[in-house]
Amino acid sequence: MAIHAESLTKRFGNFTAVDNISFSVEKGEIFGFLGANGAGKTTAMRMLCGLSRPTSGKAVVAGIDIVKDPERIKKRIGYMSQRFSLYDDLTVSENMTLFAGIYGMREKDIAAKRTAVLTRLGLYDERDMLVGSLPLGWKQKLAFSVSIFHEPAVVFLDEPTGGVDPVTRRQFWRQIYEASERGITVFVTTHYMDEAEYCHRVSIMVDGHIAAMDTPSELKASLGAGTMDDVFYMLARNAERIG
Amino acid sequence: MAEVSVRNVRLSYGKIQALKDVSLEVEEGSLFGIIGPDGAGKTSLFRIMTTLIVPDSGSAQVCGYDTVKDMMEIRRLVGYMPGHFSLYQDLTVEENLSLFASVFNTTVQENYSLVEDIYRQIEPFRKRRAGKLSGGMKQKLALCCAMIHRPRVLFLDEPTTGVDPVSRKEFWQMLSRLRAQGMTIIVSTPYMDEASLCDTVSLMKDGRFFKTDSPGAITEKFGKHLFEIKAGVSTVKALDGLAAIDGVQACYPFGDRLHIVSSSLSLAELSERAASAGYDISTLAECTPTVEDCFMDFDNNDYE
Amino acid sequence: MRQLKAFVKKEFLHVFRDTRTMLILFGMPVAQIILFGFAISTEVRNIDLAVVVPQSSEVTRRLTEKFDASEYFTVRKILRSTDGIERYFRDGSISMAVAFTPGFADEMLSPEGAGIQLITDGSNTNTARTAAGYATAVIKDALSEGTAAEAAGIQTDVRMLFNPQMRSSYNFVPGVMGLIIILICAMMTSIAIVREKETGTMEVLLVSPMRPQIIILSKMMPYMALSIVNYLTILLLSVTLLDIPLSGNFWSLTLLSLIYIVVSLALGLMISTRTRTQLAAMLGSGMVLMIPVVFLSGLLFPVESMPGFFRVLSGAVPARWYIEGVKKLMIEGLPAGMVAKEFAILSGMAVFLLAVSIKNFKLRLQ
């Protein structure tokens, strides 16, 4: 089990951002974490990354208790968000070395792995280019490679494909599949409902609860919906916390 | 005469060419969509149309006025909602709306009927600071502020980016109602599925329009065969395998299916080849392309 | 008019809703004045003094008594000569020495006059400066009580080591005023404008029929009002807390301050037209305004003792003229006519800077 959360709750004053959620994610699974704006996705994700302490409940990520040992979790996970991922004023290989170093990889391991990853991405010739000068799609792919460079047990992706063109978006998902096939668990949020279909399982959060959790096809079948877009709309349209 | 027209506009930032010869015509009362990923040049184009930037060459007219010469006339007639959230976060919902009304020399009361529909949804939170609203509500407030002066043309730069699907759907319903009232709306979005909600769309990439037409006409002119097949979850192998079939140009995931593009193969031919390659073809069928399929197809081909 | 009213109201709301801004706005002037107040009232009292009397006389005795009786000095040592006096400075037993010449009483009556040397601890310049000022006052005071012959014979030629200026601390008040006004007007105005660029609201304002003059005016008005409040606070505090009498005309001083406020606002506007982020605006105001104000305005280093180049440069610093004007009006109590030059220069700067910054205010994003 890569992630196991039990009655996870986070309150801010008398506002319950995350209300008693429980779920498990298998090793190598691609888990889509969906929800309306303000439903509590970000708060839940922060707790699982060891950045925020739950008010009650417990969770184990990559075998580590998030309450007892939040610092050790950070070494076992990768993280990528649309907003921040790489330093624009460092080169491709400098970024890789930096993040690998942050996650405690040894220098000689870094050098060998860096060459391998760059070659696989087809970015070897661009290794000395500043990240800021790369097209957005390449940046995104590079950012993902960097986030799993240290072979984490779980990688958290927070809206990784926002604003990316459809071709690059699919190339990005191909990377996600490859990572998953190598045994890396992928925990991903997205606003693209077609991407929800690419996940092994999805959960949909509404008002701090998990309103539904299953495989995309089961969710569609049980609600009689044609697409994940319809599923989402049916579940989230009556949310109290208006998005 | 078109309400908005852009002719052969070019714009560079240093060495980077943001817009390479862009032209468009928007009819009065229509909903015009500019669809493209980040970095396509959407925002630069909006800034030229809203008089904020002077193009290097080419010209743009809004409501019959030139964006360079008649800047102030245009500023009176249009509403603009920039890409990033641009309300005063430390002012309340109410304060923001009445401020923007004053900026445009009008009052909330005067044009309340126009925004009523949308404002009613955020009214329960009128005493809340704009910064404390969540994504969808911010968008609604920003839209109210952008049209409180009853503009002739409404420019919305990526109003639905980062907004959840429910709020997006509601936002587009609001736009249809506004169009029904006769307002001309130009909207940009990176979400391909929103294209079908526009009267006319321009597909944009790398500073160029490569297709401008009604969504229906765009998909009709796809000009290739498109097939879909349900695939198991582990799709990487299936993708590579199907793409390798002779006569297949592309194979990519599309929702819970895979789409297969071929200009030469018929369904029967593809079925035969896929079956002999060991695939379960019970779900293989020909399907209608979407704007997203067209976008990806154009993406790999030459510009118009 | 409706636009302006709504916009000014909005600016005030921004200020009042940001606790940090409020704290800087109203906390800073009070804190600075109180700090200076403490520096004067406690630190420069009970200065440990050594009196060096090579040859005792009635006059030297009277002067020594005067020093001891003063609340500012405590006579710790009476020495015969200045030899090895550094030792006492080093071990902290004294922080100042008054040395008479050997034939002081006789020299006093001679045509050449007599000499008194004040030795101060230059490592603590402010205290030294103040102490020397007090000592001079004590000596003058004591001698004026003596016989006419004595008073005529004494040339109070006091030389202070390390700092020839002999300025008392309350001369800092005009400096503080110059600093705070430029800080609030320029920094706050530029940040307020650039913040709108950063959040994207400026884009919306530009694509509206609002005239740029109105945007500029409504950005200036709140900070102008706040600066006036601050100006009055500083004035009130320095009169009540620091016992600095307002010797000159209040209205002339206020008019001068208003002109200086406009200059500062225009500077802020100019910075805002050249920067894109709040951080850059802050650094810009820091580099472009704070450094010249602190180093070239006469706040720390007297303009008269600057090397030629810097003296010329200081002429371009508005704060220099303001501080000089305030000193004349507030401390020296001179009539407004004597400050005509300062008035003229600051008004010229105000008109010039305002014109340039309004002209440079961009109507587009490029």
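Residue numbering begins at 1 within each chain, and the chains themselves are lettered A, B and C in the order written.
In the analysis below, a contact is a pair of C-beta atoms (placed from the backbone, for glycine too) under 8 Å apart; a residue touches a chain by one contact, two chains touch by 3 or more.
Values in this document were obtained by computation on a predicted structure and should not be read as measured data.
The fewest steps needed to get from subunit A to subunit B, moving only between touching chains, is 1. With centres defined by CA atoms alone, the chain at the far end from subunit A is C.
Rounded to a whole number, the gap between the C-alpha centres of subunit A and subunit B is 26 angstrom. Computed from the mean C-alpha positions, the centre of subunit B lies at a distance of 59 Å from the centre of subunit C. Centroid to centroid, with C-alpha atoms defining each point, subunit A and subunit C lie 57 Å apart.
Contact of a single residue of subunit A with at least two other chains is seen at no position.
Residue ranges on subunit C touching subunit B, taken from their complex, read 2-3, 5-7, 10, 13-14, 17-18, 199-201, 203-210, 363-366. Of all residues in subunit B, those touching subunit A in their complex are 36-40, 121-122, 134-137, 161-169, 190-193, 205, 233-236, 239, 252-256, 292, 295-296, 299-300. The residues of subunit A lying in touch with subunit B in their complex are 35-39, 135-137, 159, 162-168, 170, 173-174, 177-178, 181, 191-194, 197-198, 200, 216-217, 227-229, 232-233, 236-237, 239, 241-243.
Taken together, the subunit B residues at the contact with subunit C in this complex read 47, 50-54, 71-72, 75-76, 78, 80-91, 95, 98-100, 102-105, 145-146.
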